[in-house]
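The letters A, B, C and D name the chains in turn, as written, and every chain counts its residues from 1.
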Amino acid sequence: MVVIVKQTATKAQLDSFLQWVYEKGLKPHLSEGAGTTIIGLIGDTSKLDENLVRSMPIVEDVKRVSEPYKRTNRKLHPDDTLVSVGGAVIGEGHLTVIAGPCSVECEEQIVEVAKAVKAAGAAMLRGGAFKPRTSPYAFQGLRAEGIELLKKAREATGLPIVTEIMNIEHIPLFEDVDIIQVGARNMQNFELLKELGHLNKPVLLKRGLANTLEELLMSAEYIVAGGNPNVILCERGIRTYETATRNTLDLSAVPFLKSRSHLPVVVDPSHACGIAWMVPALAKAAVAVGADGLLIEVHNQPEKALSDGAQSLRPDEFARLMEQLRPLAELAGKKM
Amino acid sequence: MVVIVKQTATKAQLDSFLQWVYEKGLKPHLSEGAGTTIIGLIGDTSKLDENLVRSMPIVEDVKRVSEPYKRTNRKLHPDDTLVSVGGAVIGEGHLTVIAGPCSVECEEQIVEVAKAVKAAGAAMLRGGAFKPRTSPYAFQGLRAEGIELLKKAREATGLPIVTEIMNIEHIPLFEDVDIIQVGARNMQNFELLKELGHLNKPVLLKRGLANTLEELLMSAEYIVAGGNPNVILCERGIRTYETATRNTLDLSAVPFLKSRSHLPVVVDPSHACGIAWMVPALAKAAVAVGADGLLIEVHNQPEKALSDGAQSLRPDEFARLMEQLRPLAELAGKKM
Amino acid sequence: MVVIVKQTATKAQLDSFLQWVYEKGLKPHLSEGAGTTIIGLIGDTSKLDENLVRSMPIVEDVKRVSEPYKRTNRKLHPDDTLVSVGGAVIGEGHLTVIAGPCSVECEEQIVEVAKAVKAAGAAMLRGGAFKPRTSPYAFQGLRAEGIELLKKAREATGLPIVTEIMNIEHIPLFEDVDIIQVGARNMQNFELLKELGHLNKPVLLKRGLANTLEELLMSAEYIVAGGNPNVILCERGIRTYETATRNTLDLSAVPFLKSRSHLPVVVDPSHACGIAWMVPALAKAAVAVGADGLLIEVHNQPEKALSDGAQSLRPDEFARLMEQLRPLAELAGKKM
Amino acid sequence: MVVIVKQTATKAQLDSFLQWVYEKGLKPHLSEGAGTTIIGLIGDTSKLDENLVRSMPIVEDVKRVSEPYKRTNRKLHPDDTLVSVGGAVIGEGHLTVIAGPCSVECEEQIVEVAKAVKAAGAAMLRGGAFKPRTSPYAFQGLRAEGIELLKKAREATGLPIVTEIMNIEHIPLFEDVDIIQVGARNMQNFELLKELGHLNKPVLLKRGLANTLEELLMSAEYIVAGGNPNVILCERGIRTYETATRNTLDLSAVPFLKSRSHLPVVVDPSHACGIAWMVPALAKAAVAVGADGLLIEVHNQPEKALSDGAQSLRPDEFARLMEQLRPLAELAGKKM
């Protein structure tokens, strides 16, 4: 941590600050320049609150020089994390496609879609049972029943299932789910993250709509620090001023996250753009940029979907996309 | 709702779509122009999913013409909502200042600050017991104990208390709290909102960092639709590209929300800018723009605060600010 | 254009508005619903000012249903525009790589880089002569001399040259340049765009840092409407709250622009991320998403570059990238 | 400037970097910590390119500790700049209201509006002659003729005139204008800024839609460094994801700019929100937050305006606003 000292600081104030630094178990290192004094704080500053330091009377500004995430940091854990689920693996060297409808609607629908995406080569089935909806008047998902239907689809196809959790109290319902998804709106639901850190089950953590990549890693840190190393990061579009697409897919997130962290990174082009015809182009780009996997929405009758039909591919469109992804995965050195 | 039809739509497709509209209990109204056909859907479209319509094969675009929020909508409920808490009132005609530290740290601190803000004219005491922190290694609040200390401060001063909830499971702990705050990160924690809708206790709902004002009203709608009409909206800064302040305070939110909704609107300048010396200027602007109240962070020793000392005023600075606010409140026709 | 009428509008006001619509040569089409009246304006509304209509006393809101761009609109001009420059072609079916240093610095540098990028397969040479710099104290480019040096590099290699214009007065200096680039900061320099519309020379138009894709098409419309059809659109990252990369590359811009317009679309990953090691991943993604070309910064000694060395590839890194792009271009059905 | 060194840097690389620092006339100051080495560069780093340093092989990151703006920096020039125009003054201690229509449309209109705003207490007249319009098909302003009409309005009222320049070539037309306005879209038109730096005439510089406050000060630095100290900064809303208002007015810009710079700061609420009824609330907030002046759009017949009627006040609404601003100006200690 580097502290920039105000020009107006007196010698006495400076000494008192240095004393405080020593008390925190850190070693201050002064650089006095023309008009600017900076102090490097040497030692483990990960538990030092940047804002606390900034509020001190003689401090003009504070800059961190080391990342605040530790267990998710590649510098400290260079080897790639591979998350194994059923027969499937998510992580470096693999391209894992997770497909399925936005919402689970009925047994027929979820089983039919599951069979279709499996036939096309998907490795896992996704489907929403608990649905975060902006409007209280919109379909809120089949909830517990939806999870039961997902299990039936798993039975019918062998595909591991991924579904979203919205609340700590529901954790028992997810006992038999293969991967628990934390949605964008809950990325900073820290109480939930802490609980998920105590489970022995992979967590797919989506980036919040206005969250930085560092904040995403800090949320993953909550889970890993709790004892659960099986976290999968997911880029799903951020909120910007542009209205042509629902969100703006930030594909630079993939190389950035993979360079800073050892965790796998997947991309959800369906939620990012919100437009079915654009999904294949973005899915291909995600593979080319280095993603370890994709979340793709597929629905057998998008125009009758109870949520987000606008962004769902039909099974035949999904199968065609999978064929286009194969050579790209191969070029990227990934098994599909 | 207005539907813009694709140029390529056939007569048969159009008929089938009109049939679907009738089945939904709506009346379609066609306008055929040079190159563009638009269809107005007449009737109650509040439960019709815009995205579902957009996914239909012949639909090019869909535009809502009426607001999706009903119970929070001023058009349907023209009279201002006034929220009464203890002796204090929040709503049109009043300027209610809620002040206190970011976090409750110990009995001495919270009681001392409570006395100071009361002496300066604050109407309520705020203080965080459960703290949402980006880092798992940062101080997480005193939690249940913090709420007990807030009650002691209330006993000592008579000030009603406002504190943040982060999780449904903690609701019983908030039974004796006067106003439950929902923080920016939980604005779309819909499960929590639903539960708060069943309580008989005011809720202070903060705008999310990347949420539109319409989404804020939809989240309030969750609470009001559940049966709890006592919602206070709070603007606290949004995330933009600008880094000079922590967030960008959007004061146009105040006149916008007050024109569209009957709910009271308060402003939190402390969290918005994150810089103590800037708080008074923004607080004055918030009163001038028409806010019904303010949330101001005050700490007796900001440089020793366990969280966000950087944005806290000292008691004497707060007292001076209150003196400056009085004539502004008077000009705005508000009791303080 | 669809006009939503205020609930409070009187019959007399409505009649007077309808009269005004007729006077504008348009036909109004009323749909009266429960609580909402909407009016479709039928006819050519491209010259009608949306804000003017919105300011009328009885108007609650206005929604456009047809795009305001005409000459750049694929609906009206379905065939892809191909821009030919020297032997090179930019447009559907081709992957055109434009490479070179951020700034032209001296003859040796630009000729050496030009030879290197040609050897690696680049189709054109880029290099800045006039440099828009945030600071007046930063290197501002070699200006006219820089253009002369680019010509020497063209002579030495045969590569057509692309360089940025910052001011109308400089147009004569660009007479012998192959493609004139309009930078992000000048995307809405409308006086410049008008002048470029009178030239018979291709223009590479970069998206502004905070401009929507519709605004980009409107700026292109200025040039095409002036009589110059040879416009190449360029996505180069937009400004968002994320600070991990300099800007956020918006690759969904590519399929969106190519669906709405017939103009070619290229991508500049170097300026978007500002980090050399991330450029190859983003370049590959841009090809996979369907871009017609790339702008890549290459410098023989990035650490000595007078501008933006941080994002420049070395010639050997560029050559390696070109090898990786070839199979991707082939998969996308593009000649390189 | 503080340089954070990569963990992988060798002793030889470090020595070579230190050598390079000395050659630049700077003194390096090393702080070696556990796992992190940081180097403070002592001396005048204002001409050192941050990105150049960042691109060096051993550099992990670079952080500036002093502001890159010098002549506009309050630290170096503590006294407030006061800009005098005709009888009017803009700067600390004054509240200067500049009012008038978005566009000059005809002599009758501009003279009528000028008389009305003068009667209500405006100190200057604004009106667009050259209009930057997103669409080439929209009204582009009366251009040179518009400036002549503004002069007639000045003759009739004595009000100094403010109007926007879009292009260097037009500078001669502005010889008799009192304040030259640089619009948001030209804030980084550096060639134009350089030319304006050579004039002896006040410049009102509007913040760009996606520009940081530091960038605004750097653009002002271009003008002041050229020899023209009379720059007025203007906050006019930034582009965010929120669509309820046209732009998001960032009032924290006012205290921030006034603390960092000695230049006067004015606010344009009309362009920021784009909604006439919201302008008074935001204007009052701007005065309360400490603005030195306001730009307010006023039109005698907003519904017939050729541009931006939606955000214009009628003369009577403007007069009422002026009455409301007077006591606020007084509270802020400003003459109006």
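In the analysis below, a contact is a pair of C-beta atoms (placed from the backbone, for glycine too) under 8 Å apart; a residue touches a chain by one contact, two chains touch by 3 or more.
These figures come from a predicted structure and were not determined experimentally.
Under the contact definition stated at the top, the chains bordering both chain A and chain D are B, C. Between chain A and chain B, two chains of identical sequence, the interface residue sets overlap for the most part, with shared numbers making up over half of the total.
Set against the C-alpha centre of chain A, every other chain centre is closer than that of D.
Per-chain CA centroids place chain B at a distance of 31 Å from chain D. Chain D has its Cα centroid 26 Å from the Cα centroid of chain C. Counting partners per residue, chain C has 210, 238-241, 243 as the residues that reach two or more other chains. Taken together, the chain C residues at the contact with chain D in this complex read 46-47, 49, 51-52, 54-57, 68, 130, 132-140, 166-169, 185-186, 188-192, 194, 208-210, 215, 218, 221-222, 225-226, 238-239, 274, 276, 302-303, 305-312.
If you check the complex, the residues on chain B that touch chain D are 210, 212-214, 238, 240-245, 248-256, 259, 272-273, 277-278, 281-282, 284-290, 324, 327-328, 331. Every residue of chain C that touches chain B in the complex is listed here, in rising order: 2, 4, 7, 27, 29, 31-36, 38, 40, 42-44, 61, 63, 65-66, 75, 239-241, 243.
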